[in-house]
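Paired with subunit B in one complex and with subunit C in the other, subunit A is shared by the two complexes that follow.
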Partner chain A sequence: MNRDASPVAAFRDQYAELMRSAFLIDLQYRASIAIWLIWGITEPIISLGIWWSIAAAGAVDGYTREAFAQYFFGVALVNQATLSWDAWNIDRWIREGEMNYRLTRPIAPIHEAIADNIAYKGPTAAIILTAWLVAAVFWPAARIPFDPGRWMLAIVAIMLAAAIRFLNGYATGLLAFWTTRATALVELQFGISLFLSGRIAPLSLLPPRVVHVAEYLWFPYVVSFPVEVLTGAVHTTAEYARGFAGQVIWLVIWLLLYALVWSRGRRHYGAVGG
Partner chain B sequence: MPAAIVATELSKTYDVKVRDPGIKGALAALARPHYRQVRAVSAVSFAIERGDAVAFLGPNGAGKTTTLKMLTGLLFPSSGRAQVAGCDPWTGGNPFRQRIAFVLGNKQQLLWDLPPEETFRLNRAIYGVSTADFSARRAELVELLVLGDLVDKPARQLSLGERMKCELAAALLHQPEVLFLDEPTLGLDLEAQQTIRTFLGEYRQRHGATILLTSHYMADVTALASRVLIINRGRLLYDGELSELVARIAPIKRIELVLSEPVTRARLEEYGLVAHFALPSATIEVPRESATAASARLLADLAVADLSIQDPPIEEVIRIAFGEGAQDADAEPETPIRADVRRAPP
Partner chain C sequence: MTSLRRTIVVLRAFWQLNWLEELQYRGNFIASLLGTVFWLAMAMLTVALYFRHTASLGGWQFWDVVVLLGIFNALAGVVETVFRPGIGHLPSDVRSGALDLVLVRPVDAQFYVSFRRLDVWRLADVVLGLALAAYAFAQSGRSVNAWVIISFVVTFAVAIAVVYAIWVALMSLAFWFVAVENMAALFDALFEAARNPVSAYPGALRFLFVYLIPIAWTTTIPASALTGRLQPALAMWALAVGIAALGASRLLWRAALKRYTSAGG
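Our next item is the complex of A and B:
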């Protein structure tokens, strides 16, 4: 063991190497990643196409064509920076016995997943951001007002959203310790989030009852809120406070759920395979 | 110095869902699930001293891998205790994990898409190995395992044998005190098996590492371990020297003959049990203690071109031991078999 290194330096070293190998693996799969990226932006482009036609006659509940364009460019960026596929990895690790060696290493498997997320989302979100910037040069509708202060807040909101979605996906994926249907649960949440997180339409356009239900869940805080901070739809101090408070509460809830499922699951683990 | 591995009355019971066959059975199990308790490991106790190499033998499903997974902290036992490298495997946390390595022959931990060198780098950081230690250990492992430029090829392009050599190197960079190997030579060709065996023996001598391995290849066992633990149906049946087991289970010697003049089978039966008869060669089994006398008589009475005295094949001995244990275990489930040769933990 490297006894000279401080615990912080050792941890940073672990993360640097985990991210490095995750990035090198991603490079091996660059063609697949390009296809996923195209698939990822297809959904907001289709939504934008539909709302663009609907708004031809005039603004829909305050949303003009330009507002829809900004909103869905925001959705493409935020969704890419916050999506979570970890449940499928955990499911494979547990089902095929790949969890075994991960459990004998002196680092919790969640750190490998976090490093993997950073290594993937950083570059791919940067690609989408670049595409948005290029689009904004040629298409005024895609431009959002220049406001670095709000962009900084948007970055914080996106990071919190990414953490909530990650813990949500990871903790649900850990249910694979008990059931073979953990990924189905994640897919169900993914389906619900299409509506409740604002991926198909801005939340304010959904029926009031649906919005009311969504307010008690984490979904609005993982896509809708960061997008609206970015586009300026959220701008009063009260709206900021409410949104960030919701994000922090859901982050803590999912962190606690992760800790609970992890400690119980470890004890329950049958160490399949081998 | 405390023992490297101490298992005390380790047991593991699984709840297994039972259901009748067919759709009706499946629906009934859905409505009212029934569970049956299966004892995978039953009150297993043993101790292994530092630097020793011990082989864990048993048929498939005997409880070997379950025991290994408990000792590495992967599985929590239903009851019992263990100490490995001075730590409790289930509460020892990262300091415990720093002291062990667990290599599973049928599961790989090398990064599949990248060269093994990348896994080495990653493990250096994960185990917090200093750059100087890393360089020295990496060089030693590359030399001992004859890895050459294999470390720069993507792992997915390596043969099974090459991959296992790299797996071992990756698992040993943090220089673990205790090495658990589950079927390390599974599926490898003879040459690769031999390389791994030679390496493990050499590595243990150099670094005093304790090794507990399971294998279906007796050559692994005879090359690496003088002591064996035999387990069947979750119960420890034998703990002791391999040679002692051979003497106990099969108290015979095999006299292998090459005759320069033909003799009848009946003539040879005067000396012992004729196990093999295909002139000019023949094999006679005799009680262990009379092997020398029988050989002397054979040499005096017959035209013998060549004669050698052998132990019975180890595979045969182990097969008999598994069989005996299984029968005894059924008859007397509460009494440990061959308690006289079991080693009690200190």
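Our next item is the complex of A and C:
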């Protein structure tokens, strides 16, 4: 391998290596990944089924059957691209001592997790996107309007959402330095996000007071906002500005929280082991 | 019959040890109870959200759907208490060859593998689920009679038998394909469909959940018994399906065991 001396190039090489090995590991577990994919899409499929039946009598607060179909195909894609399971890995790393050798590496463990996420989410999101395209060929309700400009914005929104949800899950998972129930806190957020992220229904169908609370949290920015950019429910400049601003603010907040928990936690961990 | 009796004696000894072991982790009980209450609340809120926008779900009123939700939780509790810690460990036993140690014991292997370990704290899910179903039943304004009780008990037992057969089928795949570690996740995904009455799903999904993977029936039929929807003929059919499911799981187990060559094979 051609390595030059600059630290940036070394970092890039390390990243490429981490991603390659994560991808090769995933390849070995193709059957498992297929099952996780099915697990991931059942929830939006069931929600779509129920709302589709409810909308039989006419549009629900402006959502027609077709609008529900587009929304939940969007949820399936965005949820797959932004899902965070890292807390369970961290829990195992700390419980079984696998954190120790990770701490001796010249690169922080979070980079291994990021590489792992990219290697997994890229191909699996592509599978869901392909499934959506195939569904759209046969089923007009699943088609979203052709608008490459908006799709580019949606890609940016999905990447920001993935970063927020990743840092949120990773930072919460790092609480495992202090407690054995850090994964329960992640599950708690997962349950709340059913509603506040718009996984079970578009946010506008929730009671206004709940939506009001959600606006002060990161939840709407990790699923609902990217999905609505994709389907066109969000389309004015003001809505875009508000959404992207919210995403950037929460990205910074979770980045800072991660930095705080990581530096404190590492010292705490050393104290326990010492 | 003596073989079965011996199996039960052995299992009882295992359960006693199991119980003493679990008693050490009482904190887990509180944690699992809080978890159950939280997820029940989320499920109730989901139903409440649907009913903000509709008066009925596939012909079921709000409290009828909550009855079904309680039954779903009770059935999920049976899965967590018995199936996941028991038959759910089969794939790793097959992969590591630990099944050898079961097969040489003078007990019925399927019975032993299925019931060797109980996650006793999760019994709380069964109790909470049934309590919710009872509460929703009372709220729905229906009155209890012998037919309601008997038909519910029978159809709920059938549902447990069908879910058990599904677990045996999924886990037995380990004898053919060694890497089926997360088959349980496949069950979890499909079981989600049982949260709603089958009539609430549109055509294509109904075909999938009702006929292709008949999982949605496992909650809909017992809930039908409690909400006055169950015809006696259907109850008879359900009973037949339950017996057939147990028989099928036995045949499948025997066929699967013939494939077993231990870890070195």
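Please note the rule applied: the second predicted complex is superposed on the first by the 265 of 274 C-alpha atoms of A that agree within 3 Å, B and C clash if a C-alpha of one lies under 4 Å from a C-alpha of the other, contacts with A are read in each partner's own complex, and residues count from 1 in each chain.
Note that in this section contacts are C-beta pairs under 8 Å (C-beta built on N, C-alpha and C of every residue); 3 or more make two chains touch, one makes a residue touch a chain.
The shown structure was predicted, so the numbers you read here are calculated from the model rather than taken from an experiment.
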Tell me the contact category for A:L206 with respect to subunit B and subunit C: first, second, both or neither. second
Check whether A:W88 is in contact with subunit B, with subunit C, with both or with neither, and answer first, second, both or neither. neither
For A:W262, is the partner it touches subunit B (first), subunit C (second), both, or none of the two (neither)? neither
First (subunit B), second (subunit C), both or neither: which does A:E43 touch? second
Please work out whether A:Y240 is in contact with subunit B alone, subunit C alone, both, or neither, and reply first, second, both or neither. neither
With both complexes superposed on chain A, which partner does A:L194 reach: first (subunit B), second (subunit C), both or neither? second
Looking at the overlay, does A:F23 come into contact with subunit B only (first), subunit C only (second), both, or neither? neither
On subunit A, positions contacted by subunit B and by subunit C: 29
Going by the contact rule set out above, which residues of subunit B touch subunit A in the complex? 14, 65, 69, 72-76, 93-95, 97-98, 100-102, 104, 106-107, 109, 111, 113-114, 118-119, 121-122, 124-130, 133, 174, 182
Touch list for subunit A against partner subunit C, complex: 29, 31-32, 35-36, 38-39, 42-43, 45-46, 49-50, 52-54, 57, 60-61, 181, 184, 187-188, 191, 194-195, 200-201, 205-207
In the complex, the residues of subunit A that touch subunit B are 1-5, 10, 13-14, 16-18, 20-21, 24-25, 28-29, 97-98, 100-101, 103-107, 266-267, 269-271, 273-274
Subunit A contact footprint on subunit C (complex, rising order): 31, 35, 38-39, 42, 45-46, 49-50, 52-54, 57-58, 177, 179-183, 185-186, 188-190, 192-193, 195-196, 200-202, 205
